[in-house]
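Okay, so chain A shows up in both of these, paired with chain B first and chain C after.
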Partner chain A sequence: MEVLHNTLVATALVSTPLLLAAMGGLINRQGGIVNIGLEANMLAGALAAVLVTWQTGNPFLGVLAAALAGTVIALPFSLVITRLGANEIIAGLGLNVLVAGLIGYLLPVALGVYGTFRPAGLQRLPRIDIPFVHDIPWIGPILSGKDPVTYLAWLLVPLIAAFLYRTTPGLRLRAAGSDLEAARAAGISAHRWRDLSTVLAGALAGIGGAQLSIGIVGLFGVGMIAGRGFIALAAFYFGAARPWPTAAAALLFGFFDAAQVRLQGQGIPVQLVQLLPYLVVVVTLTVVAITRARREGGVAVA
Partner chain B sequence: MSVHASAERVARPRVVGGHLERTLWTLVPFGAALLAGALVLLLSGRDPLVTYALLVEQAFGGHIAIGNTLAQTTPVLFTGLATALAFRAGVFNVGVEGSLYLGAFAAAWVGFTFVGAPGPLLLLGAFGTAGLAGAAWSFLPGLLRARWRVDEVVTTLMLNFVAINLTSYLVNGPFLAVGTANSMSPLVDPAARLGSLIPPSQVSIGFVLALGMALGFGVVFGFTALGYELRVSGTSPRFAAASGISIFRVIVVAMLISGLIAGIAGAVQVLGVNGRFIDRFSPGYGFTGIAAALLGRNTALGCVLAALFFGALSNGSAMMQLFTDIPLDLVNVLSGTVMIFAVLDVARLRPRRLREAG
Partner chain C sequence: MTADIAITSRSVPAAAHLRLEGITKRFGSVVANEGVDLKVAAGTIHAVVGENGAGKTTLMRIVYGLERPDAGSVEVNGARVEMRSPQVAIAHGIGMVQQHVQLISGLTALENLVLGREPSRLGAFNAAAARRQAGELADRLHTRIDWYAPVERLSVGHRQRLEIMRLLYRDAGLLIFDEPTTVLTPGEVDDLFAVLRSLAADGRTILFISHKLREVLAIAERVTVMRRGRVVATVESRGTDAGQLARLMIGEAPEPVRATGEGATVARRPPRDEAALALEGCAVDGPGGRRLLDGIDLAVRAGEIVGVAGIEGNGQRELIDIVLGMRRPRPGRVTLGGRDVTHSGVRARRRLGISYIPEDRNVEGADLAGSISTTAICLRYDRPPLSRAGILSLGSVRAFTRGLIERFGIVAAGPDAPMRSLSGGNAQRLVVGREIDASSRCVLAAHPTRGVDVKGIAFIHEQLLRLRGEGTGILLISEELAELFRLADRIVVLYEGQIVGEFARDAVDIDHLSRLMTGVETGGAAA
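== the complex of A and B ==
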């Protein structure tokens, strides 16, 4: 019970980077692009947040900088796909390698540190207690006492759902994503909406990186994203690019993340917990595809 | 879906213009990478030309340097061929890294379990098991794609992380070497080790195997019915199906062979370089292999040249990092750029005048 409670208390905090990146990936997917480069956006965001917070002493400016960093990387990435016809999967994998390389190269050159940058006295995002909720026994600490970015991330879930399904821009974005030709015929400049969706994904993933660096750990490390961009990908695939199921998946994978730290030395191998999100997606996609094939009657061959 | 529409372009890069022009376009990603590297070097206050010259000298100056470059070339050549084979057949396999891990573990397991067995038998067993393990790992996404149209891009990508964590568990749990704090398997029987090709450098006879694999790749695609079926299915699946080729079989076979090659790559790394399975040993050979396949336009010779490029880059930068303060990460800047530029639609890059004329 004690371990479970501790895990649940940590879950909301460690879910946030996954949630933000997954919501970004979801918007991008609805906009017609499978974003494999979320990892790169998160890494850039994590670094930008640490640098700006270190220089200004204001973690909220750090979060803004992270959103900007994600955007700056996402725009050319999107243009390469929409205007120059690059394959989005390969370009995304390439972006991850390129950004990790750039940051790994420039960190020692510009700051004189290898791998980890931990400026002294780095401000962190404050933790906010929700009145009344905070005092509820057992449940209070699970919901309350998180950083503002975490609350913002959860607030975004219904907002993104409303944007995508209940507003005209949301409809246009989804139209641009589902059928390029039809969108064009309807007078929608599809490429622009696709680019916008990538930029939003970059900004959200960037903020996710910021929450990790200045919200949770209080430093920047070149390997700190550690596959979270791919877990976010797993989350929106698991959620079929719909906001609430995707958020639920991010929360579940966040729970795994929180659990594996606490299960060390308890006889449950950490690595087997770490591979769960990826396995869950493969199983989900398989089940969905088989169900679809059964429903359509007969078996689709290639 | 957009993923599959673009998968076709990976199988069949858009060709424009005449022979000379096509050759020149092939060099675009290569040039872009060197340019990106040069920019980063300039940004950090270094002379790009001097640095590149130093890099070449470190990669090729003397037989030990060349040997070490070939040692770095070997895994990338294998993973490049594994990727290129799948891409040629129109199957978007980005899971070579996963098969590599499974193959590496299988080879190590045979090597440290059947200690004392006759050398040739041990080697054969290790390579066979590694190939099987790699093929088995990629069989599942292949089957899922062929039978139920489960997007292989996502499944193969995800299974990489499953493989890395699964082998990490095996080598930290049941197969952790006794007396080691680090996460590695016991050493394999010395009889299962591959001999050095250019002592005392790191390159093993595994490099010759990789070259042989490239030759086999060229022969299969150039002269055999299987190669024809794979190629036709990759470039025009409808025509292939209409002419009686089973697309189901093509997808499964392509994934099996791709995984097999990746598994053998893992075996060569274990038996030729490390002597044991080491947790997370690959610095992304499977992903560099994608870059190599793209840079080499999915051809055997192209893969050899591209792998040599990445091998030289990796060895040259590692040596350079030893006595200058130029970080090894320069390699990733170049290979990331290669990947992005290799998938650009070259037709859209041509000046409008040429595009209209052609």
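== the complex of A and C ==
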């Protein structure tokens, strides 16, 4: 029970990077692009947040910088796909390799550190208690006492749902994503909406990276994203690019990420325990694929 | 031959709503439109007819800003407009219902209706206002639509209706319909025509693209006929008849059939009574339960060439599919040399001796990314001498490919040269050579000379005649009447998935044939 409670207390915090990246990926997917490069946006956001927070002492400026970093990376990525016709999978993989390589090179050159950058006295995002909720026994600590970015991330879920399904820009974005030619024929600048969706994804994934670096761990490490961009991909695939199911998937994967940390040192080899969240992703996706195939009338047998 | 049958300038009462002058459009070396002039009077229904590939769709795409012409001008209500994009066309009150439905799946009917000009309040989509306007439009067209259903769940007729409403929602004054009836059932066609008439009565101008002459004469006041990218004539529909339009559309009758044609010079045994290929009662259903092919009874005897005439899209593709085994007829029976192959796949049928000269060798005939030998061996790679136990013998592969290159006079650098390095004619020679080399019983030839130069055409014709002489049964699908007249022993006419007529080689009546092809006359089968 103690382990479960501890895990639940950590879940909301640990889910946030996944949630933000998955929401970004979802918007991008609805805009017509499967973004494999979320990992790179998160990594750049994580670094930008640490650097700016370290220099200014203000973690909120760090979050802003992370959003900007994600955007700056996402725009050329999007243009290469929409205007030059690059394959989105190849471009996304390329982006991941490029950004990781660039940071791995610049870290020692510019900051004189290898792999990990942990400036002394780095401000972290503050933790905020929600009045009254905080005092509820057992439940209180699970919901309350998180950083502002976590609250923001959950606030974004209904906002993004409203944006996509209740506003005219959301409608045009979905139209551009669903059928480029038909959207053009309807008089919509489809490429521009696709680019916008990628830029939003970059910004959100960047903020997700910031929450990981200055919200949870308080340092930057070159391997710290550790496939979370791809788990986010799995989350919006699981959620069929709809906001609430996607958020639920992010929470589920976040729960096992939190559990993994709590289960270490219980006699099972660490490496195996660390596999847990990824294993859950594979199992979930398999189950989703099978149920969808059943619903659509039979699994395809080649 | 440009025959101006009725003079249009005299009979245009109202001002021209749309005026095209000297429109020319090329795609590479193919000329889609050449010096096209067109004048469409306001408030009328004006049809543009022509065979597939006559340039109708390209012309309409230019008007709607989806293509830019290489030369020529577009005038709307007397003012010249550069149609840079659909946005420009929409701003000038032009709307188009394209051949392929341009609705966006995943969006609801309502969202599709208002897309691009959404009613909104402070950036929020005003669904109530949209719904109200949608209801008014639906009432005007006397139809009902489930506005909150994703469009992919609507019937084809409803989707088209939704597209029309979309144009009205934007208050388009000039509505272009590109082959709107091909996807509809006869009842839906009647409904559509009622809608078009009421739109014209409202003072809107309608441009109606089709190759079905009966429909055109029923709905349009004026008809422009296009052939091979040019306007051949513009006529008042009251002053013409389908026969005249059919002749204009199909062109001059090809040279008279000579009983001693080229075929006579090739040694030939008379056709034997045994059927190389037989189809019995074959039908194919398309999406939405539309019959794409219906009640096809067709036999090709050994040593006989049977030609299939018809305008593309009347069931040719489905006919190819069921003969080759890419699709099963339902119901129906397919036999090859007397053996029932209805449930056999492509490979099994090929083993029984059917070969296929595809209409588009780049899609179905050749591996453009590979070497010449990959394309050459693809029917024989899994047998000795080319391979043993799954291991290719590269020496035999090269030797085999070289053999084809020499026997069929293909100009190529060698077996390992990339397929792309072959010219169109030589690529087709390779595909034809490969198929002929492998064949014994039956050849399915679909537009075998499309895009091939004169020398290549002569080569392909010679090969087909030689095979016939050797006792192979050949099913030849072609739009080129001259080709059918030259090669076929019998010609059947395919129209809307049915065989509507049959002619013996020496008893073809070109007028009758073109009327059957264009649906002016339905023939015995459909009557």
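As a working rule, the second predicted complex is superposed on the first by the 264 of 302 C-alpha atoms of A that agree within 3 Å, B and C clash if a C-alpha of one lies under 4 Å from a C-alpha of the other, contacts with A are read in each partner's own complex, and residues count from 1 in each chain.
Note that in this section contacts are C-beta pairs under 8 Å (C-beta built on N, C-alpha and C of every residue); 3 or more make two chains touch, one makes a residue touch a chain.
The model shown is predicted, which means the values in this text are computed figures rather than measured ones.
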| Does chain A have more residues touched by chain B or by chain C? | B
| query | So, does A:G85 touch the first partner chain B, the second partner chain C, both, or neither? | reply | first
| said: By the touch definition at the top of the document, which applies to A:A182: first (chain B), second (chain C), both, or neither? | reply: second
| query | Is A:G218 touching the first partner chain B, the second partner chain C, both, or neither of them? | reply | neither
| said: So in the superposed three-chain picture, is A:V97 touching just chain B, just chain C, both, or none of them (first/second/both/neither)? | reply: first
| message | A:R172 in the overlay: touching chain B, chain C, both, or neither? Say first, second, both or neither. | response | second
| request: Write out the stretch or stretches of chain A touching chain B in their complex. | output: 32-34, 36, 80, 83-91, 93-110, 114, 227, 230, 233-234, 237, 269, 271-272, 274-275, 278-279, 281-282, 285-286, 289-290, 292-293, 299-302
| Can you list the chain B residues touching chain A in their complex? | 2-3, 6-7, 9-10, 36, 40, 43-44, 92, 94, 141, 144-151, 153-155, 157-159, 161-162, 165-166, 168-169, 172-173, 237, 247-248, 250-251, 284, 287, 290-291, 294, 325, 327-340, 342-345, 347-349
| Once bound in the complex, which stretches of chain C touch chain A? | 64, 66, 85-87, 90, 96, 98, 102-107, 111, 115-118, 120, 123-125, 127, 166
| note | Counting only contacts in the complex, chain A reaches chain C at residues 166-172, 174-175, 178-179, 181-188
